[in-house]
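Both of the next two complexes hold chain A, though its partner changes from chain B to chain C.
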Partner chain A sequence: MYVYILKRLMQAIPVLFLVTIIVFSMMFILPGCPARTMLGEEATPQEVASLRRAMGLERPIVVQYAEWVGNLLRGDFGRSLQDGRLVFPTLISRLPATIELLIASLIVSFTIGIPIGIISSLRRNKPSDIFARIFALLGISMPNFWVGLMLILIFSYHLQWLPATGRGTIANLILPAIALGTASAGLITRLMRSTMLEVIGLDYIRTARAKGLRQSIVVYKHALKNALLPVLTVVGLQMGYGLGGSVITETVFAYPGIGRFAYQRLMQRDFPMIMGNLLLFAIMFIVINIIIDILYGFLDPRIRYD
Partner chain B sequence: MKKNGLLSRVGLLLLVGIFVFSFTVSADELRWGRGTDATSLDPRTVRDVYSWEMHMLIFNSLIYFDDQMQVQLDLAKSLEFPDDTTYLFELHQGVKFHDGEELTAEDVVYTFETMLDEEFGSPYRGRLSPITSVKALDDYTVEIKVDEPNAPFIFELDVYIVPKHIAPDKMDKEGGFAHEPIGSGPFVLKEWRPNDRLEFERFDDYWEGPAKLSKITVIEIPEADVRMTEIRGGNLDLTSVPARYLPDFQEDPDYTVGQYTTLNWFPIWIQHTHEILSDVRVRQALAYATNVEEIVEHVYYPTGLPSIGPIIPGTWAEAPEVIRRYDYNPEKAKELLAEAGYPDGFEIELRCSSGDANTQFGEILRQQWLLIGVDLNVNQTEWSTYASDLVSSNYQLAYSGVVNQYDPDIHLSRFVSGAINGGNHLNYVNPEMDEVVYGARTIIDDQEKRAELYREAQRIFSEDLPAIPIRHSILSMVWNADLEFDFRRGVEYRTLNEAYWK
Partner chain C sequence: MEKYEDKLKAVSADVQGLRTGTFKRLLRNPTALIGMIIIGFAVFVAIFAPYLAPYDPFAMSLPRSHEPPSLEHPLGTDFFGRDILSRIIHGTRISLVMGVIVVAIRAGIGIILGLIAGFYRGIVESFIMRFTDAVIAFPAIVLALAIMAFRGQGLFNVMIALSVVGWTGYARLVRGEVLSLREREYITAARALGMRDFRIIFRHILPNCFASIVIFATVGIAAPIISEAGLSFLGLGARSDQVTWGFMLSTGRQYLRDAWWTVTFPGLAIMVVVLGFNLLGDGLRDVLDPRLRE
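So, the complex of A and B:
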């Protein structure tokens, strides 16, 4: 087991290395110069050039990259170009809000997706199934910023039931969690439906029915247990998509997580912050996937790691 | 059952894990929503408006300017002009910084010295460069000398004073004071969570008496539509909303809409080296052919105001009574064109930057001018291209604004020979105009005399029409009608220390 975890962690190293290269080169592909952004429209080209030199942006790219990675290895993510704040602590201070939102959105997508998927599979091709499939299709196709704005329009503006922004209470979390969780809910509905259909056709379910067990026991005790496994593996992927989606969702809801921070600092061309943010996203994505792989071993007795 | 049990337990744990604590808003708290966060709270280091609004709560300045752009005293008890290059400030005694130390002349000198220090790199240094010396004559008297008589320069002395014993003398790239500032203003910064919120508490020892509001929370909400929703839902007390919602708020008794005309002015710039445009009759014809009311109503409603001249309405130098008007009159325009020798009109190009409003403006203007036979080609380019062509006089007609007319000189100096305040890219030459504008520049202590000269400048402008005035712009804020808040141009959020809940 420990050998496996160690192996997975070792595998993450080349991935992270690649990520640093991609993240770093993106800074050079992005249009817009941070020095120009800081100085504003009125600045002369000379002023921009001298600030670029002062910021170290004029040195060869390879040198800049090597210095950045060297600092990263020492745990130094650098400082913001915009306000001089340390990158790492600033990002970490906003991480709990995003994790809270991700978990809430997962709860939303599972509590909506799993029951609808089960119902849809049990009533195959009946109206409720068709309804569920349409829901899944809509959920997957609607962009989350649009869902977010619609939720704000209905629940905050017209009904005034829930606040549109902020953090701190469950009420603050409901709308952004729904906006972020809708796409996953659609996906989980589909997956749940197809795995349930597969499992229900298997011999052991027929045996259970032949024993005269009630439908509910057959479904929830025998079928669901096995059908749920592939769905759980989706969690990791969904968390990853959620991280990406959080950039938009958090901006729409002015939610103080790292997603919105990434968006705002991107607009300001605050390179050290953006690079730190992207790296943190990548690390989170990798860690989540490792955890899911390990959890899978606990949940499925057929899988052994040693 | 085992796995379902695990799942439900995990679920329960997560629910409990999500913190629950309710938001309670005290009766004398203000929640203020803005689209963008401050970048630095050291007022010497940045010039962006979002930081500046926060500096207003934390710091004081020697003087400031009211809605008519008249000088008002803040930390200064008096301001004298011993000669026309010297400003003598006497400070109030007993002004305390947030840490309890007294604010003295030394702090004022220190603030100006660091801003003038090349190594410090303040963005204000260039503007303050006329200063030749800043001296503390005693604990409460500051003397500032400049190189030559320069009336509009006084505006640059509206600088927030930082404590010498705390504020660093080098631009602190790592924050520190810029993140945890100490000032003498009515509110103390308690916490700044970047790109989220700033929390202020009332400063009980404020020298003018403590503010009525006990707490101000400034919340960053990037989406304007969401800010609008939040003030509707009662989750914000003060914010700006997209212009299209303003009429709704103006009709609603639960809200107050505060508006003022900004210090920006948008004319059509005319290149006077152009053969046709150098004829005053042609310029007047174009003004008569321009239906400014229609343009403002269709393109800029409800944030635009038709303009008749370069001086901002409501400021001390405004003299509408001497201004010659060019109310929409295509017949008169045609006559003037014929007189000038262009009975069939001519072809001309208008440059402006990209953007929907400029596109609409160009379309409407083209239609209006076609009626008198003038064939207008609108050439929109990206802003930086437009701006560099504008300053290098590479245009026939151009449309863009000039900002921050804290003194009439700022906009009028565009129309005099010699390069001051960004220069005369129009190549307009009029000795009469030079005489009055340069004359008014050197009078530093007699505003009435200056106003007289600017009255003359406005008359000359309206007769000779070096540029065609189009519009001014209006800034609006919306707040809860129960909040008593005096929001005015220039003063802006300085009055938040007197704001209260009814």
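So, the complex of A and C:
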């Protein structure tokens, strides 16, 4: 098992290396000079030249990259161009709010997706199955920001049940979590339905039924355990999707997380913050997926570690 | 040698048979049929937008600002008194064109990288697949936003940003298909006949990946439509002289409390078109790849 974990961690190293190259190369996909873009068109050539020197842009790219990665390894992601604040601590301070939202959205998508998926598979082609499939399709077809706006319109403006903006209470979390979790709920419903249908057709389920076990025991004790495993892999992907979705959802709900902050800094062209943000999102995605892989190894003994 | 040539012909005949029968089977599949009707309708609306729209989508009339839905303006008017139905009809154009172009570019990049990785294997495959993993690690919309921040606002940049981020699925899919296809007998036969790699890849491997690519691309059109709307919603996509559904949502959002129709209907338009592509994708999967059927 330790070998497997070590192997999985080693696999992440080249990916992380390529992630840093992609983020670093962002600086150079600009049409023209990065310093000019940062300062704007009205900056004088002297100002541009001085920023170029300050940023070390005169040196060979490889040297710049090596220095940048060296700083990253020491936890130095640079300073904001807008307010001079250190990038890493600023981003980290926004992270808890977003993690809260991501977990809440996962709870929403799993508590909706799993039961509906199970019911749908057990009542195949019956009205409840058709309804579940329509729900799942609508869920994945609605843009999350529009769902968010509709939720604000109905539950905040008309019914006045829940707040439209802010953070601090569970009530603040409900609408953004539903907006962010709806599409995932649709995906999980579809996945749950198809894996359950697959598992229900297997020999060991037929054996369980032949033994005379009750339907509820066959479904929940035998089938569900195995059908849930593929759904687990979706968690990693959904976290990645949620990180992306948080940018728009947090903006819609004025939720003070890292997603909204990323959007604000993007609009201000605060490049060190943007690069730090991209890097942090990518590292989080990689780490989450490593954890899921290892967890999957624990839960499914068929997975071999060598 | 003749035996192998016969086998190659037989495989080609199978692929041909699949193509001719597909459309008929799609018409018999209710999911695909509803999807095709929705998409067909959207394409019709996009082509004939100037004839179908009751008003000029840019014609302002401040006295008619925020009129609720009525017989005169079935979906109401926005802050500037512009007819929302007409704007939605014109917005169909950008959404569909953006969806198709972005998917074509994504598929192009992904197919080429997937073919190379799967066919040549070894270090080339390792590098391409690790690079793919690295790109997947970035949430697509954030990477697209960053590219937009570096390159600036505009639909052309939206197209570039969305194309750069979404090809990874195609690369993984095609590589997977190639890995199994390259071991088949008819590929060994093609090699034995002395065919060059280029010809084997594009003539004998790629056509056999088409079923999966078509399903993936059809469902895939939905994603850039939503992403474009998202970027325009954040104020990074369309300019004010262009009509897109995302931009309509972005401007309507400020008046959500007083004029719900400015936000509700453009969002519904996005949902219906995306639903159409998802339905067609599901139907195509049932018809072309019965192994994947739910």
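The definition used in the following text is that the second predicted complex is superposed on the first by the 263 of 306 C-alpha atoms of A that agree within 3 Å, B and C clash if a C-alpha of one lies under 4 Å from a C-alpha of the other, contacts with A are read in each partner's own complex, and residues count from 1 in each chain.
Everything below uses one rule, namely that contacts are C-beta pairs under 8 Å (C-beta built on N, C-alpha and C of every residue); 3 or more make two chains touch, one makes a residue touch a chain.
Here the structure is a predicted model, which is why all the values come from computation and not from measurement.
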Worksheet item: Where does A:126 make contact in the superposed view: on chain B (first), on chain C (second), on both, or on neither?
Response: neither
Discussion item. A:193 in the overlay: touching chain B, chain C, both, or neither? Say first, second, both or neither.
Written reply: second
Discussion item. Quick check for you: in the superposed arrangement, does A:152 touch first (chain B), second (chain C), both or neither?
Written reply: both
Practice prompt. Look at A:251 in the shared chain and tell me whether it touches chain B only, chain C only, both, or neither; answer first, second, both or neither.
Written response: both
Practice prompt. In the overlay, answer first, second, both or neither for which of chain B and chain C A:14 touches.
Written response: second
Worksheet item: Which partner does A:143 reach: the first (chain B), the second (chain C), both, or neither?
Response: second
Discussion item. Looking at A:285 after the superposition, I want to know if it touches chain B, chain C, both of them or none. Which is it: first, second, both, neither?
Written reply: second
Item to complete: Have a look at where A:269 lands relative to chain B and chain C in the superposition and call it first, second, both or neither.
Response: second
Practice prompt. Name the residues of chain A shared by its contacts with chain B and its contacts with chain C.
Written response: 149, 152-153, 157, 251-252, 263
Worksheet entry | chain C partner contacts - residues on chain A that touch it in the complex | 14-16, 18-19, 21-22, 26, 29-31, 37, 137-138, 140-143, 145-146, 149-150, 152-153, 157, 190, 193-194, 197, 240-241, 243-245, 247-248, 251-252, 262-263, 266-267, 269, 271, 274, 277-278, 281-283, 285-286
Fill in: Residue ranges of chain A in contact with chain B within the complex
40-41, 79, 82-85, 90, 93-94, 100, 103-104, 107, 149, 152-153, 156-157, 160, 163-166, 168-170, 173, 220-221, 224-225, 228, 251-254, 256, 260-261, 263-265, 299
Item to complete: Note which residues of chain B are touching chain A in the complex, please.
Response: 1, 3-4, 11, 14-15, 17-23, 37, 39-40, 47, 172-175, 178-179, 193-197, 219-223, 225-226, 229-230, 232-235, 383-384, 387
Discussion item. Touching residues of chain C toward chain A in the complex: what are they?
Written reply: 130-131, 133-143, 145-151, 222, 226, 229-230, 233-235, 249, 253, 256-257, 260, 263-264, 267, 270-271, 274-275, 278-279, 282, 294
